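Going by the order they are written in, the chains are A, B, C and D; count residues from 1 in each one.
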Amino acid sequence: MPGTVASLDPNPPTLPLSDAAIPGDLFARMRRDNLARWPTGARVDVEEAAAFHKTLPAHKRLPAVLRRAVAEGRCLTQPRGGFATLAMQTELMRTLDRDGMADIVPTTTDSYTRNEQFVQAQRGVEESERLGRSMLNGFPLVNYGVDACRALIAGIEKPAIVLSGTAMPKLTAEIGYAGGYTGYLGSGIAYTVSYTKETTIEEGIRNYQYVDRLAALYQEHGVELHRRQPGFLTGTIIPPSIAIMTCVLDLLLAARQGVRHYGLELGQCLHLVQDAAAIRACRELCQEYLARFGYTDVFTPVTSLHWMGAWPADEAQAAALIGYGGTLAAVGGASSVTTKSTHEAIGIPTPQANAEGLRTTRMAIHVSYGVRLDGLPAHEFEVDLIKREVRAVVDRVLEMGDGDVAVGTVRAFAAGVMDIPWSPNRQVKSRVLPARDADGCIRILDAGDMPIPRDVMEIHEEKLRRRAERERVPFDHQLAVGSVYELSEPLSRLMPAMVA
Amino acid sequence: MPGTVASLDPNPPTLPLSDAAIPGDLFARMRRDNLARWPTGARVDVEEAAAFHKTLPAHKRLPAVLRRAVAEGRCLTQPRGGFATLAMQTELMRTLDRDGMADIVPTTTDSYTRNEQFVQAQRGVEESERLGRSMLNGFPLVNYGVDACRALIAGIEKPAIVLSGTAMPKLTAEIGYAGGYTGYLGSGIAYTVSYTKETTIEEGIRNYQYVDRLAALYQEHGVELHRRQPGFLTGTIIPPSIAIMTCVLDLLLAARQGVRHYGLELGQCLHLVQDAAAIRACRELCQEYLARFGYTDVFTPVTSLHWMGAWPADEAQAAALIGYGGTLAAVGGASSVTTKSTHEAIGIPTPQANAEGLRTTRMAIHVSYGVRLDGLPAHEFEVDLIKREVRAVVDRVLEMGDGDVAVGTVRAFAAGVMDIPWSPNRQVKSRVLPARDADGCIRILDAGDMPIPRDVMEIHEEKLRRRAERERVPFDHQLAVGSVYELSEPLSRLMPAMVA
Amino acid sequence: MTGRTLVTGVIGSDTHIVGNRILTMALEAAGYRVVSLGALTPAEEFVRAAIETAADAILVSSLYGQGELDCRGFRDRCVEAGIGDILLYVGGNLVVGKQPWPEVEKRFTDMGFDRAFPPGTRTDEVIDILARDFGARAEPVRSAS
Amino acid sequence: MTGRTLVTGVIGSDTHIVGNRILTMALEAAGYRVVSLGALTPAEEFVRAAIETAADAILVSSLYGQGELDCRGFRDRCVEAGIGDILLYVGGNLVVGKQPWPEVEKRFTDMGFDRAFPPGTRTDEVIDILARDFGARAEPVRSAS
């Protein structure tokens, strides 16, 4: 690929794939090679960066802020946001901090950076400056380097996180963490299956083992950093259980590298009960599997994400999903919510529209007043269902790896035991097909080769059949395609006037 | 008052106050006198109007539409809306019907009309035409008369309802019903206590006995009409039980006049659990008391109203209350929801902003997917609490009237046994003071002379004390005043950034 | 106690009593003697009450949108009644719909109000400005009739 | 079967495969032979595939906002490769942010695309317009290589 930096092999093929922590000396060599891949890498020095992190006040450190949010039962807000130039990014982050009252301020990288096409990213910066508008869908963090990051961090009064949907995170993570970001989103399984076409699961896992190991290295220098897993996957009708399977596996991989502050992200199903059940099941299952592996000290806050599928173009209609997104996160007991804007269906939001989405969400959180659904029969039913699905598949994955999470995962994807809906990746079977049922919950229409227990699948099927019957459509894969569009439809189709 | 029409006494003081149905011959005399009070009254002829109603298709008849909504478990949307001139009103109603997809289209009257100051209303129309903007806060329905109403009805494809917050409804009801409106909002207790200063409860009750008797008269002519009770009262921190007490009493008064299609409106508390509990308790208590009085055939759909207290000026913040208003209505199982707009804190919305509020609400209803909270322990607790409060007071009111609802109500208000928060009416003690508790529910801080059971009041007090403690403020009436403002505060005060 | 007397009320056919009542409570707590006329108060009643109580200021509330009609000629009434120099405030949601505040403000100051206050004004602010206006006028405190 | 061959794919570093896959499925159901290149497809691959399969049209998806950079010179590449008259469509969220559609459309037709489609375009519409454009061209159906 033109502009791709791949001259040096950053993974010396010395060690076979495993979930073991990367040994210190090997990691040092890997880091040296990695940092040599682009000029700005030279500026990175973990000792110096750790010292810098120690100068940051607690309210600008995401690990501390998240621990406090969990202790106080708060739900924090966080948008996405990135523009091509430092000036635009500075203004954006300040607007999100001040007008949006974001509790966590993001820096989304552009898609060239995500694919390590730094030459193209550079052209994007230049074009953006020439035309006076952002031609990139994010901030080219590697091109700008460590000191630009520190300038961005200096401009806000909140902790900052790097959002860089990629299976090639090694330079953005190095520069982001050294630049004063206290959180980094991404994981080997989740991002490889949803953001790449040719990258192998093994490669993705190895790349994120590097990032996790890097966070652990900072920990060794006395600096706690936040790592986070994007369990929203392809954002497209993801059943909670499939998201949580990836959460558990990526989490175990991170824990093995030494990470102790690891967030899990779940895209909303847009169902009050199912989303609350998902958040609770995720939290409990993560700790359950950590305990099985002997970890009792890993902090695992759960983040809920505003609807990740296709949005309606009508801004009034979209506003409902924004407010509801705050409600779902708060009622579900998520520690933070990642927000969208009324521009979602069309394009990257202006800083103002982004800030409005944050405020609508924040107000929705305020009026949720800590309501919880525990004890509601339908909620307990969903929690149980999700747990049965996750345990069946994850246990099978672990078996396939003879206890090694990395090996098991690679084999499980090859066998279709792990599968992801609507994946662009050629290594993922993507035979599993979910759809929304008659009660509004996301169910599995076709499990492909995933070992979901038969009695569980009968529940899914029954609920989907009811929908097909109610709408007089065949019970087939069209249900899955319809579900992809569904919420982007105009209200005249979603909820037509009543014929009395 | 200048412009007030009060020359003829419309209540011949022949009969003492009672809840008995107005005898036919007396009612005919009352109607004659009433219709003679303003020139447009002459055009009203119930026979002719009933024939007109029979030409309306079912989808333009509110009683039919509401019965169907209940049968299908739907939550309909309805805005408010009125402007000074026929042209403006025509455009408004079409916009709400088409762009807003309103299921029920409103005509809000202006405040001069509500107070029967038709001369002033006429000046308002003229000024509005001169200045090209509405100088009235609603449509002067009496001044325009029956045929203008029918033109408005012809312009929409939905049923229409008259919204005329007043204790003097007799001409608007006559002209509205004759004009083709199939619903009329208002009741003797609720509107008298929240919209008037000098009107006595007795006068208010008598005036609405007229309206209820009128609806029954149409029924005798084979035309079912919808009557509705505005249980939202002063819209200001109304505990569900107090709203429901007025619902039950007004409903019984209407049933005694022969009304069989009577809606109840509850302003939202903005608490997911308390609002759902309120809607269920209202529905059940209404039927419980109807049964006690021997009525088994009165249809009583419940409407939930978007937050009726002070709104935030920030439109992004307001958008959250709009979407949530749809959620609360739908999850509570209300049959319809009355909507507001992002302009609420500032002024009457433009037709477009009004339509946007409708669409945001409609989308929120769609994604609520029929979720219900029955079985949630906190929900059952609230339902029980509300019922204990309502029964204690309503039973006492009925006792005070020796079984006569009208007499009991008048005596109960005089004694403070029935009381309304923040009432402008001099006959209402308005000693009862509610406030929002630590969990976000509306509680009674001071019951005044209302006979709320002691053990129930202990629950209220305990919950409010917890709030005072948490916020380190004294446990006193300031809590009630603070609650009035609370949700209009900017987010920086409602939910400040976390100090980590 | 400030020794000053104020008249408050909601003008015209307007029932929005809540803000007016809270304002009244706050003004009393700030040491004013307040003559509170409540909701639905005709313009002439404000003037009559101000004369009867030798008030130093009239604070008119209007929330429901028709204030623009109700408030016309308010200052003239005061002039006719011989209290032409009384301090006049008006506050609330003064016009129908969302209109640019500077225009609305001007419409009301043109009617002769000394000050107009936009929707959502907090009581603290009213009390501050009132104290400043009384200070600036530096009139002797009137005694009640 | 229409006898026509189409190339589909998502251009550049863009992983948004869902809409492209659904479009591909719909085009196949409508009787086209579709060569689907999937996500993350460089411009030159589209052209290569079109030549290899003697395609009648190329349908480029771009959702992630950087399409304006990725699509520059697309028609020129086709011309250089000798398929300069091939029907070229582009669709998706073509630019960064909410921009007026007529301007965006012009930018892409200026690049040489026959048509550009706004966000959220439904497959039925694409199929209709495609049939019309092929009809209007009234070219003989090419045979695959």
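By definition in this document, contacts are C-beta pairs under 8 Å (C-beta built on N, C-alpha and C of every residue); 3 or more make two chains touch, one makes a residue touch a chain.
Treat the numbers as computed from the prediction; the structure is a model and nothing was measured.
Novice: In how few steps can one go from subunit A to subunit C if every step must land on a touching chain?
Specialist: Counted as steps through touching chains, the separation is 2.
Novice: Taking each chain's centre as the mean of its CA atoms, which one is most distant from subunit C?
Specialist: Between subunit C and every other chain, the largest centroid distance is to D.
Novice: Report the inter-chain centroid distance for subunit C and subunit D in whole angstrom, where each centroid is the mean of the CA atoms.
Specialist: 67
Novice: Between subunit B and subunit C, what's the gap in Å when you average each chain's C-alpha atoms?
Specialist: Centre separation, subunit B to subunit C: 30 Å.
Novice: Go ahead and note the Å separation of the Cα centroids belonging to subunit B and subunit D.
Specialist: A distance of 56 Å separates the two centres.
Novice: Residue numbers in subunit C touching 2 or more other chains?
Specialist: Residues: none.
Novice: Can the chain contact pattern be summarised as a line, a ring, a star, a complete graph, or none of these (other)?
Specialist: Per interface graph, the chains form a line.
Novice: Quick one: which chain pairs are touching?
Specialist: The set of touching chain pairs is A-B, A-D, B-C.
Novice: Under the stated contact criterion, what part of subunit A meets subunit B in this complex?
Specialist: So the residues of subunit A touching subunit B come out as 58-59, 61, 64-65, 68-69, 72, 74, 76, 101, 103, 157-158, 270-273, 312, 314-324, 326-327, 331, 355-357, 359-371, 373, 375-378, 439-441, 487, 491-492, 494-495, 497-500.
Novice: Quick one: in the complex, what on subunit C touches subunit B?
Specialist: Its residues touching subunit B are 10, 12-15, 17-19, 21-22, 25, 38-40, 42, 64-66, 68-69, 93, 95-99, 119-120.
Novice: Contact residues on subunit B for subunit C in the complex?
Specialist: Result: residues 1-2, 110-112, 114-115, 117, 120, 123-124, 127, 133-137, 165, 194-198, 234, 236, 310, 313, 343, 345-350, 353, 422-424, 426, 481, 484, 488 of subunit B touch subunit C.
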